[in-house]
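What follows is chain A paired twice: with chain B in the first complex and chain C in the second.
== the complex of A and B ==
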C-alpha cells in the first residue's frame, strides 16, 4: 500500500526527526493559545459580564490544569504523533480513536481559519489608520495560511523556532501593556470602580460564560502532537505543557484586569480586537503599534501551531487507515507529513471564506470539549488497565482520580454553557460526529489492520 | 490459532470519495445552524424596530466613567444603544435540554460500547496470535 512505499526508502522506514526541546513544546502550546488573550476571550464578558469572565477564566483554568496533568502522564507514556488520538487507540479502541483524531483535526483547522481571519481584519484596521479604507482581507488570509503551510512543509524545527520567538514577543507585549496602565494606582488609567458592574444575567450568565472561557486556553493540549519529534518525551512534554498552562494563567489574568479597567462590558463583550482597542484608548502610538504587531504575531503563531497539529492528527489517522492512506506519507527529505499539510491549506482557507466566524469558533471549541471529555475516561481506564508499576511512565500525575472527576464535572458545565445561546450549533456539531462514527463503523473500519492498532511494548491490558 | 484479519486495499477513487464525504458532512454541520439563526435575527430586528426610541446615556444606564470611555471609543448614545440593548436570552426549553443531554450522553455510550468491542479484536490479534 501507499503508506509503506511512501514512508520508507528501500527497507528503511522514514521517521519524523527528533529535534525539539521543552521550549519548543512551550512555544507550540502557548503559541496556539495566546491569540485567545488578544481576541475571543472577551465574548465571556458578553455572555455574563466582567466578573463572570473572571470566574470563567479561573474555573476554565482549573479545567485546563486537569487537562495538562492528565495529558502529561499519558503522553509521556504514549510518545507518538497524533497525541490523544494515539492514546485513544491504545486505551479505548478504534472508534474512539477515529473520533478523537477528528476532534483534533477539526478543532485546529477551524482555529487556524479563525486566526487567518484575525490577521486579515487586523491588516484592514491598520490600513484604515493609514488612510486606506476597504482593504480586501482575503489575500492576507490566503497568504498567511500558505506561508505557514510552506514552513510546516519544510520542517518542524524552523516552524516551532519561529513560534518560540513570536509567541515570546506577543506575551511580552501583554506584560508591557500591564505596566503601562499603572496597575497599582486605580483611577489614574484603570477605572475598575466605575466600569465594573453587578452580574448582568445573574449566575446563569456565569455558567454561560464558561463556553468562551475556553478561548483563554484552547489548544494547550496540542503539545502532545509533537511527542514523536521531541528528544525526550518524558521530560519535554510535562515541562513544556505545565510551563505553558502557568504562562497562560498569568496572561489571562493580566488581559482581564487591563481590558475590564478600560472598556464598558457591553463594548468589550463584542470587540474583535480588545487588546488593540485597549492600547488605542491609552493614546500612545507606540503602544498601539506594539499591540498591532503583537496581535498579528499571536494570530500567526496560533495558525502556525494549528497547521502543525492538524496535519499530524490527519497524518496519524491516514497512517492507521482510519482515513485514506494517501495522506499517511512523510516527506523523504524534510521528514514532515507533507501531504496532510498541503491538504489542509484549501480546507482552512475555505472555512475562513465561509464568513461564519462564530460557527467556526463554536465548532473548534466543541471539538476541543469533546476531546477533554474523552480524556476523563481515558485516564481512568489507563490506570485500571496498566496500574502504576506495570509499565514505565515518564510522569505520574498526583491525586488521581480527582483531576479526572473534576475535569468531567467542568466539561458537563461547559456543555450546558454552550447550550445557553448556541444550542442549535451544539446539536448540529454532535450530528456531524454521530454520522461520521456510523460511517466509520459501517465503511472505514474494514480497511483497518486490527493488530497494527496496538504498537506500544506494553503487557496485555488488565481485563482484556 | 485464528488468522489475523487482512483488510482490502482501497482504490484511489474510493479514497477520494471518502475524503470528500467527510468534508461535505463538515460543511453541512456548519451551515445548518444558520437556518435557525436567520429566523432569530429576523425576530430580533422586528423587535428592535418596535422599541426604537431616542437614546441618552442616562436612559442606557451608563455612569460618568462609562460615558467617558464610550466617547473615547468613538461612540455616541445612539451608536452605543445597539450594543448595550443587545442581550442573550437564557430562557431554558426543558425539552431541548433533555434532547441535548440524550444526544451527548448517547453519543459517548455508543462510542464506548463499539470501541470496546473493536478493542477486544485488536488485543486478541495482538496478544493471542503471537
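== the complex of A and C ==
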C-alpha cells in the first residue's frame, strides 16, 4: 500500500533555521583558520627566514583584513547561503558565480581533508609517545569526517556551538603559551636577540613566504556561508567576521613571537608541529599536553567549519540548478542541507586518503586565492550597481576603493609567490577551472531556470 | 589485543554507525516527504522581513 507523502508544512517553503548569533559566526571563521597557527604558518620561515615570516604575517593580514571588510559589507546585504557564490551571482553573472561556488567547495573540502589528516597524525604521535608504533591513521581520519558530518547533518546550532567552545580553548592555549615564555623579559626564555637573523634569501624570500602566509588566515571568509542561518545577517556577519580577523591578527603575531624566540629559523621552517615543539622546549609536561590537545581541537574545529561551509556552497549551487537539484534539499526536521553534507563525506575522505597533505593544501589555498581575486571586481561593481543609500547595508567598509585595489595587488603578489614554489600546481588548477567553466557553459547552464535564481527582493541596480 | 588495536576497531565501528545512520535517515526522509517540498527553499530563507528592510527604492 502506497503511503501519502508530506507535500508541505504550514503552506510555507522549507527553510534553514535562523538560530546563529555573532559568536557562532566568530567561531565559524576563526575555527576554520586557527589550525594554521598551530602548524603550516612556519613554512613562511623556511621560505625567507623569521623576519620574512613576520612581514608575510602582516602583509597577508592586510589582504585578509580587506577580504573581511569587503565580505562584511556585501554579505550584510545578501542574507543567503552560498556566501561569495551568491554575491557573484547577483553582482557579476552565472559563469563567475559557478566558478566561485566551485572554488568554495574545493577549498573547504580539501581543507577538511587536510584537517582530518592532521587529526590522524596527532593520534599516531600520541600512540608513539605511549609506546605504540605504527598506528593506522585511516580509521581516525574517517571518524573525524564521519562524526563532524553527523553533527552537521543534525543541526547547525550544535555544530557551531561545539566550534565556539573548542576554538576558544585552542585560542586560549596560545595566550597561555605567550605568558609562559615571560614575554616582557627578553633573554630569560625568549632569545630573539640571538635567533633573529637578517633575510637569508633576500627580498625574493619575503615574496616567496607570502604563499604560506595565507595559513595564518585562510578560511575567515567562510563566515558568509552562515548568512541564511543567522538571526540578523546585517549585524551578526560583520560583527563575527571583523571580530574574527582581529582575533587572528593577535593570534598570528603571538604565534610568530613565541616560536621565533625559541627555535632557530632553520628548524622552525620545516617543523611539523611548531607550537607543540615550543611547549616541549619549555620543559613543561602540562604545556605539552595542553598544546597537543589544542592542536587536535583546532584541527577538529577547522574540519567542522569546512564541512559546514562546503555543504552550504554545494547546496546553494544545487538550489540554483548549477549542480544537480537533488542536493538542494533541506532536512525537514534538522533544517540542514543534509544531502550536500552526506555527498561531501566520501569526497573529503578520498582526498584525505591520498595522504598528499601539501598538494591538498596548495589546491585549497589557490582556490581561496582565486575567490579573493574575484572579490575585488565584485566590490567595485557592487558599489556601482548599488551605491551607498540605495540598499541597506549592515556595515560599510571605509576608504573604498582602496581596500579592493590593495586586495587585488596583494593577490597578484601571492600568485607570483605560489608560482615560485608550486608553478605546476598553479597551472594545473587554472586548467581545471577553465575546463569546468567550459563544461558549465556547454552542458550545465541549459538546466538553470534563470529567473528562479533571483528570489531576493533587492532594489533594481543603478542603470538597469 | 592492545588498547590501540581496540581503539582502531572502535573508530571504524563508530564511523560506520554514523554514516549508516545518516544514509538510512536520508532514505527515510525521501520516502516520507515530497521532493518538491524538500527542495522548496528560497534564497534568504523564510524570513522575508529581513530582506524587506533592504528595499528603499525601485523595488523589483
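Observations, loosely collected:
Following the convention adopted for this analysis, the second predicted complex is superposed on the first by the 451 of 464 C-alpha atoms of A that agree within 3 Å, B and C clash if a C-alpha of one lies under 4 Å from a C-alpha of the other, contacts with A are read in each partner's own complex, and residues count from 1 in each chain.
Here is the rule we use: contacts are C-beta pairs under 8 Å (C-beta built on N, C-alpha and C of every residue); 3 or more make two chains touch, one makes a residue touch a chain.
The structure presented is a predicted model; accordingly, all values stated were derived computationally and were not measured.
Judged by the touch definition given at the top, the superposed model places A:325 against both chain B and chain C. Of the two partner chains placed around the shared chain by superposition, neither chain B nor chain C is touched by A:62.
By the touch criterion defined above, A:429 reaches chain B but does not reach chain C.
In the superposition on chain A, no contact is made by A:180 with either chain B or chain C.
By the touch criterion defined above, A:441 lies against chain B but remains apart from chain C after alignment on the C-alpha atoms of chain A. In the superposition on chain A, A:456 makes contact with chain C only, not with chain B. Taking chain A as the reference chain, the count of touched residues is higher for B when chain B and chain C are set side by side. Of the two partner chains, chain C is the only one touched by A:147; chain B is not. In the overlay built on the shared chain, the residue A:233 is in contact with chain C alone; chain B does not reach it. When the two complexes are superposed on chain A, the residues of chain A that touch both chain B and chain C are 325-326, 453-454, 460.
Partner chain A is touched in their complex by these residues of chain B: 4-10, 12, 14-16, 18-19, 21-23, 25-34, 36-37, 62-66, 69-70, 72-73, 75, 80, 83-84, 86-90, 92, 96-97, 99-100, 103-104, 107-108, 110-112, 114-127, 129.
The touching residues of chain A, when paired with chain B in their complex, are 1, 46-47, 92-97, 99, 102, 106, 191, 193-195, 200-201, 204-205, 208, 262-264, 266-267, 269-270, 277, 281, 321, 323-326, 347, 351, 354, 356, 359-360, 363, 373, 377, 415, 419-437, 439, 441, 443-451, 453-454, 460-461, 464. Across the interface of their complex, chain C is touched by residues 3, 5-9, 12-16, 18, 77-80, 86, 127, 132, 135-136, 139-140, 142-143, 146-147, 149-150, 153, 228-229, 232-234, 319, 325-326, 328-333, 338-339, 341-342, 345, 389-392, 453-460 of chain A. Within the complex, the chain C residues that touch chain A are 2-4, 8-9, 11-12, 14-15, 18-19, 21-23, 25-26, 29, 31-48, 50-60.
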